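There are two complexes below, and they share subunit A, which is joined by subunit B in the first and by subunit C in the second.
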Partner chain A sequence: MSLLQTLIVRGLSLIVVLITVLFLSVIVLGATGYSDRLLTATVSEELRGLRQSLSQNIRDPTELEQVIEDRREQLIEFYGLDRPWYYRLPDMVFRILTLDLGEARTLRSFTGSNRVSDIVLERLPNTVLLITSATIITSIIGLYVGVKIATQVGSRLERSVSYFSAISYALPAWWLGIIFIILFAFQLRILPSSGMYSVPPPTEPFALFLDKLVHAILPVFTLVIVSVGSWSYAVRTMVLNISQEDFVNVARAKGLPENLVMRRHIIRVAAPPIVTSLILGLTGSLGGAILTETVFGWPGMGRLYYEAILAADESVIVALTFMFTLLYVIARFILEILYVVLDPRVRYK
Partner chain B sequence: MSTNRENFQEFFSSTSGKLGSILLVIFILISVFVVFTYPLNFGNTIWSNPSYWSDYPKSAPPTWVSIFGTENVEHQIIDFTSPVDVIPISNQEQRLYSYTLNYDSNISPTFLSLSMYDVVYHDRPPTISVSILRPDNEEILIYRDVISSPRQGEEGPYVRYSDSPFRINLSGDKSVSSNLIEFVQDKSNSQISVNDIVGSNEKYIFSSFSSTNPQEVLHGEYQILIKFVVNNENDSISKIRFVLGGSSYGLLGTDSLGRNLSVGLLFGFPIALLIGLTTSTITTMIGTSMGIISGYTGGRTDTIIQRFADTLSNIPLLPILLFLIFIFGPQLWLVMTILVLFGWPGLTIIIRSMVLQINSSQSIEAAKSLGASKWRIMYRHIFPQLAPFIFAQLVFFTPAAILAEASLSFLGLGDPSIPTWGQILENGFRTGGVYIGYWWWILPPGLLIVITAMIFVFIALALEPVVNPKLKKM
Partner chain C sequence: MTTKKNKPNKYNLVVKNLNVNYKVTKGTVKAVNNVSFQIKAGEALGIVGESGCGKTTIALSLIRLLPNNISKLNGTITLGNKKINNLSDDIFRKTVKWKQISMVFQGAMNSLNPVLRIGDQIIEPLVNTGESKSIAKKSALELLDLVGLSEDIYSKYPHELSGGMKQRVIIAMSMIHHPGLIILDEPTSALDVSVQAQIMNLLKSLKLQGISMIFITHDIALTSDLCDNLAVMKDGKFIEYDSLANVLTNPKHDFTKQLIQSVPSLSLSIPSRKLPSTKKSILDFKNIKVDFIVRKGLLSSEPFTAVSDVSLKINQGETLALVGESGSGKTTLGRVALNLIEPSNGQVKFQGSLLNNSDDFSFRKNAQAIFQDPYSSINSFMTIYQILEEPLVIHNIDNNLHSEKINEVLKDVNLVPTKDYLNKYPHMLSGGQRQRVGIARALILDSKFIVADEPVSMIDASSRLEILGLLNNLQSVKNLSFLYITHDIATARQFSDRIAVMFFGRIVELGKSNDVVKNPLHPYTRSLIEAIPTLNPDNLSKTRKVISRDNFHPSCTYYDKKLNRVVDYHLNNVTHKCRKKHPKLTEIKKNHFIACHL
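Entry: the complex of A and B
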């Protein structure tokens, strides 16, 4: 029961974050007149469709104009364009929640649709694929290296990891990506420079998968490099703090083998704070993904952000801001569950 | 408690502390130099003004690449301001300008151009003619023009080209080709036509016309002769500029608009420091005061501040930053404001937990029982204990702000009136510099961003044992 309660509280606070972002964006959109523009565009788009279908049946031009004018007034009232923007707040929030943001100005989905939801949802899996694989690789390497160097403080390896972690904090993911492109794609010519598939893509499913894998190497590698240093360092510090505790000394004094002490008495205790630092690094890796996708032309939501900015496509940008926040909240919640599972104190309070 | 002097020694004894401080001093000196030598509106009037850069070679690599064996032509801008000779001819006056240059490069200039600045005349319009005397004693007239005559109803003296100079690209001008054609046909013994040479006039002007290698350049002394013929001795021209386009330029090359990259990159120094230090100072100030108030006051204030901070610190920064800057327009102060707005909560949460520990200490209890006011305790008794940690946080947050601005610029949302390193890199990336191989356009700005961020990381690293004595070597 208590476990469920904790999760509900965590979940609620994350929903508050999501709603804050939603309202913040809607208020900004309303107060700057963007919401009016978005809705007016939607109205005229609907009227254009109506005019096309009606012109088959109604021959008289004045009658046609009359019908369309009536419909325009209906639509304006329906979308609330006749009232100030703040009356439309709940409606706008709902529209963003359902990604019902009308049509993109110039951007198209890969299948040719210009509906914002089609464009954004099509890219979502690619971003999720990139972020999750990078996070999993980073966590595994970070855990392994972090624990290893915690046992040999002052060694050459420990010092170089510490320096590497400091340097990677100052290393923008996008610049590193550019360097990797120059190095691996143009100098050594061993990896593709951008995109997700070769042109033309292979037809056989397994070859297609391999092709995707090869294209993913550089972006994932970039993301791992920028975050693995600080992560190993965080793990090292946490493990080091706990290994100085009395109960660890007791375990050693009992004569338990070192790897058992490490596994049962140190890592098990260090696990919750390690997950916390993973949580804290989450917004960073999300931002890193946006920039990495842009550099590598990876067709995910981050690259779409860049394209939408260049094309000044506001409805796509609104949708993306919401989707990234949603992605963050979901990832965050998964980590919170992991935290609760790892830390018995939260469960049996 | 260690003394200040011990702290300083501790700080400077580490390699990272020394390296960070030395680099920081260098960066500050460069910034001071830029602040005093650059105009305030550098971005709008110089950097983003294409006509200012029209006399520079486009996408030219740095000059020093010639060390690696690439054949190079030096970029030469020749300004004529005073005539070497004035010859009266009947009621006219011929002003003669000349410049002699020794041309020994194996490739011809990449382009030739002529500009005129501030022409003032009183009666009839002056004429200008440009000819080149080659080492083989052939003098070729390449360009001849009359300044535009008075408009109907215009009163003298007539002013021309005062707002923006008159500029002509001699390499691609058809009238230049027509002037050259007879000479070229004569020298090369072929029936080449005007259309064949237009666009590469400069190659024929500097050609040796060797039958084996048509590209070969005639080495030796060239003389540029410009005649400016006026009808009134009071007529004037402030400057005539003749440019021999180079294949490389300066210390760091140029971009595709011909902008001198080293000039733009220098301007980035004070901007980067300004963004980093201002943002982190304000963020730390707000974060600290909120944290201390929240931790010491407790109760409802504490709850409200903590809920607020918790929500804000949970919002993913880059997406929301992109959204807000896109809607409100790319302005630097706005970027900094948003960074502060979403930056303080993290610090507030940490400071609060530290204050809660200090609260129970005897010194605070003693201050309370002596009747010290709430604000006095917070300012005089809690803050000093946290000060070293707060300072370290300030240093640590500086690179984050610099990198955030750079990322934003890289995504195309940089403030166009203030060129930054991120924007220069973005220009290069968007032009396809990575794929074409304009490394001098891509690598230096990125490297400068990394070095700047690194300076503060190094200083923060060296500060750590000072701030947190537990971490001192075990």
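Entry: the complex of A and C
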């Protein structure tokens, strides 16, 4: 099988993943009755508003009830509540697959649009900024520390990093975020506690950018602290595994300097699993972003998820699930390509 | 680099009073104890010893790759007229490592970096000293040619090469700086016998170019192919160190004598074992075929045939040896015999009745297995008593009988006094003792049929004969039937009544052990027998004859009545009927079958 064929097959299987996840989330929404409850609640909410505005014009209670009842039937038909969920929801899947994300019921974008794509796309860069910078910092620190402690197993440094990694792994991001806010924002007063810009925001573009960076420090720092420990330890383990292989001994016997042995015969060989866990960690941290963004009031997709669940906005929830899955699938595909580049054994099959 | 390119530097190596101690949790281990030796230019020294005797430690201390837990390292090492043992690590690395002393490591499979191209790995040491890549490539290609590999190997990756090819690459790599001394640490132990013979021939030709060698091995038979001097090592000491001829013809130490005796000799005549009188078969394979599904791509797969069309009977009370190289399907057939794999085609009869999964339980009581690796085949969290009791519990044997049966079976396998062993854990035993426990476990249910899959290949040479002798004894006392699976046709002859030779999933020759070994009819069997290393000082001056596997086709053999043997001359005759179908096993002489076209 040629290289291109391999990649096409992997790509297709990832698209299958995407569609499956979408259907599953819709089925979960529908079969649990959550979707029905959401819509019924929305309908009664609208009718309550209607009753209030109508009650000033229509004095006759029976007539009022009649108008409201008519309106209710209209709404039920409009939302498709007259038919079971499995007629209503698949349409949504096909709509979303053509990237028509629909309209939000209650949530609005910062510019006031109620189109879901506007709402989501507006927040996407914020989340990407947070996650990628946290991941880049984590991976650089983790690689450096992991490789360093792998060469000195049993040393004091190695043992302290091991303890730290266990603690860091166990720390909940939201809790650490709150602690940081108390410490840096309220006690030391050196960093902002939440949001993405100061109020009022600076007008000059560069100052605005700097303002954003300052606001990003605490959430990024939180994300780094909770993941860097386990990540360094994972790098340590992978490097250690490879350094016990025979060919590393051969490389040393060849008289190569130690840094070349480390670079070419250990890290290079450990690269595929390291890249794998890095990218999977990146996609995994999308989930962590929900809590971190909520704690820090960061207007990203994670916080939007939280808001959409609170506001019971079905189409935003499904659209966000789709977006997260899409990001995951894209990351996986990049991973497949990297794997082919990094490991010749995958290349020819 | 000096002007005399492509010629090894010549110098003597003198090692005086080398001592190496390792720090372990309980004190220190003297791995190398006051060892002295010298190697003249162009000579080869063989170091023979069992696992853990310190032979690899000598190699590692010469090239400074010892692990960190060294508590003592002294002695002088002189290379040419320069002391190298007190050079700084950096200077040693820049001037000695790989440039004057290089090393071929034990595991050919893992000695190459899986993600780099072969060529880049070969030229790496040269490029690292500042040589240009194009010149380095030129000399790498010359070396590949020298070790018998084609040029296109240069741009391949390790996983595209067979084990023998990898070992050739590593040998080429070890010569990139034209060092005067190459240390060979078990260079052939992971390879099939025929490949082993080819590698030994290659090493021999390199030695003729004036390269000195240290040849480290557990197999004394191989040393006579290559070594001028021989050292026998035990517990960190050289207990015998002399010219090869002297050691072989006049061994002084008992351990050396034992090693020499343990080499199965083919010229020695062994009285033909009496075939059991009963013609009743205990196991009967009929047209067995085993396919494995190999995954290919996302949904597609294709079958791989491991065993095809095997019909074979094992008589009651007989030992049948199944001989073949890795990948020949011998272990698969052994698993079919134990009802662990269901054949895709054909049937197995055990004591006259068809084997099927439904009656598995009573079959298990009658058929047991002895496995290759005594370190992983018994549970290290159980005591010997628990290990041996487990089969009794499973098969509902009366509790009151357990202790008695366990003591009895331990006596059978010579683990006496038995009470010393009952409460021990496997890690407290040596490899040979563990394998005895494995045998005891196979015997405790009084099974009559035992599949022994390479039962001695992972055991040190000195205890190999004991284990085989023990099995032999037990067989005659208990009237057992064995299916003995091995790659080693020499021990097969000593231990079995009949030999079946397997090649590419088919049986190509079947006959009484002596007949098959003394008068092999199939060319594949002949090539197996010629590849067996023999212990003879004269070997040094001869290259071993190796029948290349490429020269015959598994299905293309032909019996020539005039020559009274099977020939394989149909390579060029592509229209011969052998190209269309596989030959059937035919009885050429009495009780001697062979797969050939008449």
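Simple rule for what comes next: the second predicted complex is superposed on the first by the 273 of 349 C-alpha atoms of A that agree within 3 Å, B and C clash if a C-alpha of one lies under 4 Å from a C-alpha of the other, contacts with A are read in each partner's own complex, and residues count from 1 in each chain.
The criterion applied here is as follows: a residue touches a chain if its C-beta (ideal position, glycine included) is under 8 Å from a C-beta of that chain, and two chains touch if they have at least 3 such contacts.
Because the structure is predicted, anything quoted here is derived from the model rather than measured.
Peer 1: Comparing subunit B against subunit C, which has contacts with more of the residues in subunit A?
Peer 2: Touching more residues of subunit A than the other partner does is B.
Peer 1: On the A-aligned overlay, A:9 touches which partner chain: subunit B = first, subunit C = second, or both, or neither?
Peer 2: A:9: touches subunit C, not subunit B.
Peer 1: In the overlay, answer first, second, both or neither for which of subunit B and subunit C A:247 touches.
Peer 2: The second partner, subunit C, only.
Peer 1: Just subunit B (first), just subunit C (second), both, or neither: which does A:27 touch?
Peer 2: Touch partners of A:27: none, neither subunit B nor subunit C.
Peer 1: So in the superposed three-chain picture, is A:129 touching just subunit B, just subunit C, both, or none of them (first/second/both/neither)?
Peer 2: neither
Peer 1: Using the touch definition from the top, say if A:167 reaches subunit B (first), subunit C (second), both or neither.
Peer 2: A:167: touches subunit B, not subunit C.
Peer 1: Of the partners subunit B and subunit C, which touch A:265 in the superposed model: first, second, both, neither?
Peer 2: second
Peer 1: In the overlaid three-chain picture, which partner chain does A:41 touch, first (subunit B) or second (subunit C), both, or neither?
Peer 2: neither
Peer 1: Return first, second, both or neither, reflecting whether A:344 touches subunit B, subunit C, both chains, or no partner chain.
Peer 2: Only subunit C is touched by A:344; subunit B is not.
Peer 1: Look at A:310 in the shared chain and tell me whether it touches subunit B only, subunit C only, both, or neither; answer first, second, both or neither.
Peer 2: first
Peer 1: Residues of subunit A that sit at the subunit B interface in one complex and at the subunit C interface in the other, please.
Peer 2: Of subunit A, residues 13 contact subunit B in one complex and subunit C in the other.
Peer 1: Which positions of subunit C touch subunit A when the two form their complex?
Peer 2: The touching residues are 63, 65, 93-94, 96-99, 102-103, 105-107, 110-117, 124-125, 128, 157, 159-160, 170, 173, 296-298.
Peer 1: Okay, in this complex, where on subunit A does subunit B touch?
Peer 2: Within the complex, subunit A touches subunit B at residues 13-14, 16-17, 20-21, 24-25, 28-29, 32, 34, 153-154, 166-167, 169-172, 174-175, 178-179, 181-182, 186, 193, 282-283, 286-287, 290-291, 294-295, 305-306, 309-310, 314, 317-318, 320-321, 324-325, 328, 332.
Peer 1: Within their complex, state which residues of subunit A touch subunit C.
Peer 2: Interface residues on the subunit A side: 1, 9, 13, 245-247, 249-257, 260, 264-265, 268-269, 271, 342-345, 348-349.
Peer 1: Using the touch definition from the top, list the residues of subunit B that touch subunit A in their complex.
Peer 2: Within the complex, subunit B contacts subunit A at residues 16, 310-311, 314-320, 322-324, 326-328, 399, 403, 406-407, 410-413, 425, 429, 434-435, 437, 439, 442-443, 446, 449-450, 453-454, 456-458, 461, 473-474.
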